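Just below is one structure, and these are the notes that go with it.
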Amino acid sequence: MASVGYGPAFTAILTNQAARAVIEAAIAAAEVTDQRYSVAVVDAAGHLNAFARMDGAPHITIQVTTDKACTAAGFGMTTQAWHDFIKDDAPLATGVPAQIDRIVTFGGGIPITAGGHPIGGIGVCGGHWSDDIRIAEAGLAAIA
Amino acid sequence: MASVGYGPAFTAILTNQAARAVIEAAIAAAEVTDQRYSVAVVDAAGHLNAFARMDGAPHITIQVTTDKACTAAGFGMTTQAWHDFIKDDAPLATGVPAQIDRIVTFGGGIPITAGGHPIGGIGVCGGHWSDDIRIAEAGLAAIA
Amino acid sequence: MASVGYGPAFTAILTNQAARAVIEAAIAAAEVTDQRYSVAVVDAAGHLNAFARMDGAPHITIQVTTDKACTAAGFGMTTQAWHDFIKDDAPLATGVPAQIDRIVTFGGGIPITAGGHPIGGIGVCGGHWSDDIRIAEAGLAAIA
Amino acid sequence: MASVGYGPAFTAILTNQAARAVIEAAIAAAEVTDQRYSVAVVDAAGHLNAFARMDGAPHITIQVTTDKACTAAGFGMTTQAWHDFIKDDAPLATGVPAQIDRIVTFGGGIPITAGGHPIGGIGVCGGHWSDDIRIAEAGLAAIA
């Protein structure tokens, strides 16, 4: 029996160089606002790869950004899409937000993909979640 | 005063051989779908007995499957039944999902019983909870 | 700038099929002893991939096997090698066992490698650590 | 009675701009070695401020770097100095490593100070702790 297998197209990895470029671009976009953000990038397994917290950003944003990135990387779906997915399904609407560790179901987490597969995720927290999405998108533009 | 007591006839246990047969049957049923599942089987105490995660199943399914199995084994009730049980009882509807560690109140966790007593539970995660139920039932068919 | 990078030779993944074969082989080897073992296989990120606990194996073995596998996968080094690495270095001998989450520094955790890179790990617990190593090696023989 | 007090002149803070410069300098120094490091910078409160994990650095380094930085910032003392401080004091030698959350007592964590007061800390993990110290010092040179 073969000792290992080769996944369909999961051979790409998110480099730390790319992750740091995402962080820098997100912070640059955040600096021209009047809000203070944290930004996290995780790998496909949900482990932290790069992170920055702007001066004055609440320490609670550390957990929220990391969990948003983890949610996005884990399922290849934005955190906002999770809200839409669960809102009209009563058992999920009740259960998911409270019962799944590290899940976040409001905007600000976006998967990073290669060949259609998630290879990581970005999470942003500091403004309203609609603002967080904009900063996350600005970060991802660095590697588009 | 008696130093020890004897509980009712909970003498049946779920063997690991049976648990692994449940896992194999659930994975076989899952492989003919286009979704990627994790499957966990726990004993009556809620402790993990057997587990498998298909290639590509999100790592977050590890926690969800284990907690679904634990919920089912702990109360001898499916996780979906928990939703029905709490949904029209305001204190429970608010409190249970957030306040009981390891509870899951959407489908995919089913108790394993012997003589009417729970001896374990199966938990499945990877699709919508209605899909998860089907995979769990396919697994349990191996020991029916 | 390139959106992603390609790791040197981290393209192989441990399939769940291979992981379950490892578990079955380890359990088969354990069944001819008079001890009761748990066996865990994790992926390169330390996330659980497959698991089995023999009838009568203490529930505490769940955590120990998973952490041994995680230690082995995380550093590409056996758990026993960690003992040798730290034993004559006073700061590490004191600090590592107590201060690094999920590390285990006694035998029973072995990395699973492909092309010289760790793609996962096996952890065994149930006997003395020298016995655990033997059961782990018997499991790995299934994918040698 | 005064409703609030004013502490001594701890008005200096570690900016995120400085923290990211420290990370970049540490990573640059690490890239010319054959080892893979993670680097964390925390603020005076021990909360993460900036972080990077090189390609191939074990995920376990995430926790170790963050805790080393937290230990250094929390007490204004290097993690290696903690080893020297406790090693000949039996109650501390036994108790500190196991009993204080987030403490690390081997090298790689260095406080960042301003006016003699700790305003943060750097933590590095990836090589032997003597290597980790060198990378941490290279990072701090960016803000010397």
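By written order: A, B, C and D. Residues from 1 in each chain.
Here, contacts are C-beta pairs under 8 Å (C-beta built on N, C-alpha and C of every residue); 3 or more make two chains touch, one makes a residue touch a chain.
Only a predicted model underlies this, so the values are computations on that prediction, with no experimental measurement involved.
Superposition on CA atoms relates subunit C and subunit D by a rotation of 95 degrees, given as a multiple of 5.
Annotation: the A-B interface is duplicated by C-D among the options A-C, A-D or C-D, judged by over half of the residue-numbered contact pairs being identical.
With centres defined as mean CA coordinates, subunit C is found 29 Å away from subunit A. For the pair subunit B and subunit C, the distance between mean C-alpha positions equals 26 Å. Separating the CA-averaged centres of subunit B and subunit D is a span of 43 Å. Counting partners per residue, subunit A has 5, 7, 10, 13, 15, 45-47 as the residues that reach two or more other chains.
The touch graph of these protein chains has some other shape, matching none of line, ring, star or complete.
Pairwise chain contacts in this structure: A-B, A-C, A-D, B-C, C-D. The part of subunit D that touches subunit C in the complex is made up of residues 55-56, 58-60, 63-64, 67, 80, 83, 86-87, 93, 97-98, 103-107, 129. For subunit A in complex with subunit B, the residues that touch the partner chain are 5, 7-8, 10, 45-46, 70-71, 74-75, 89-92, 94-96, 98-103. Only residues 1-7, 10-15, 17-18, 21, 43-47, 112, 114, 119, 142-144 of subunit C touch subunit A when the two sit together in their complex.
Of all the residues in subunit B, the ones that touch subunit C in their complex are 13, 15-17, 19-20, 24, 27, 43, 45, 47-55, 59, 62.
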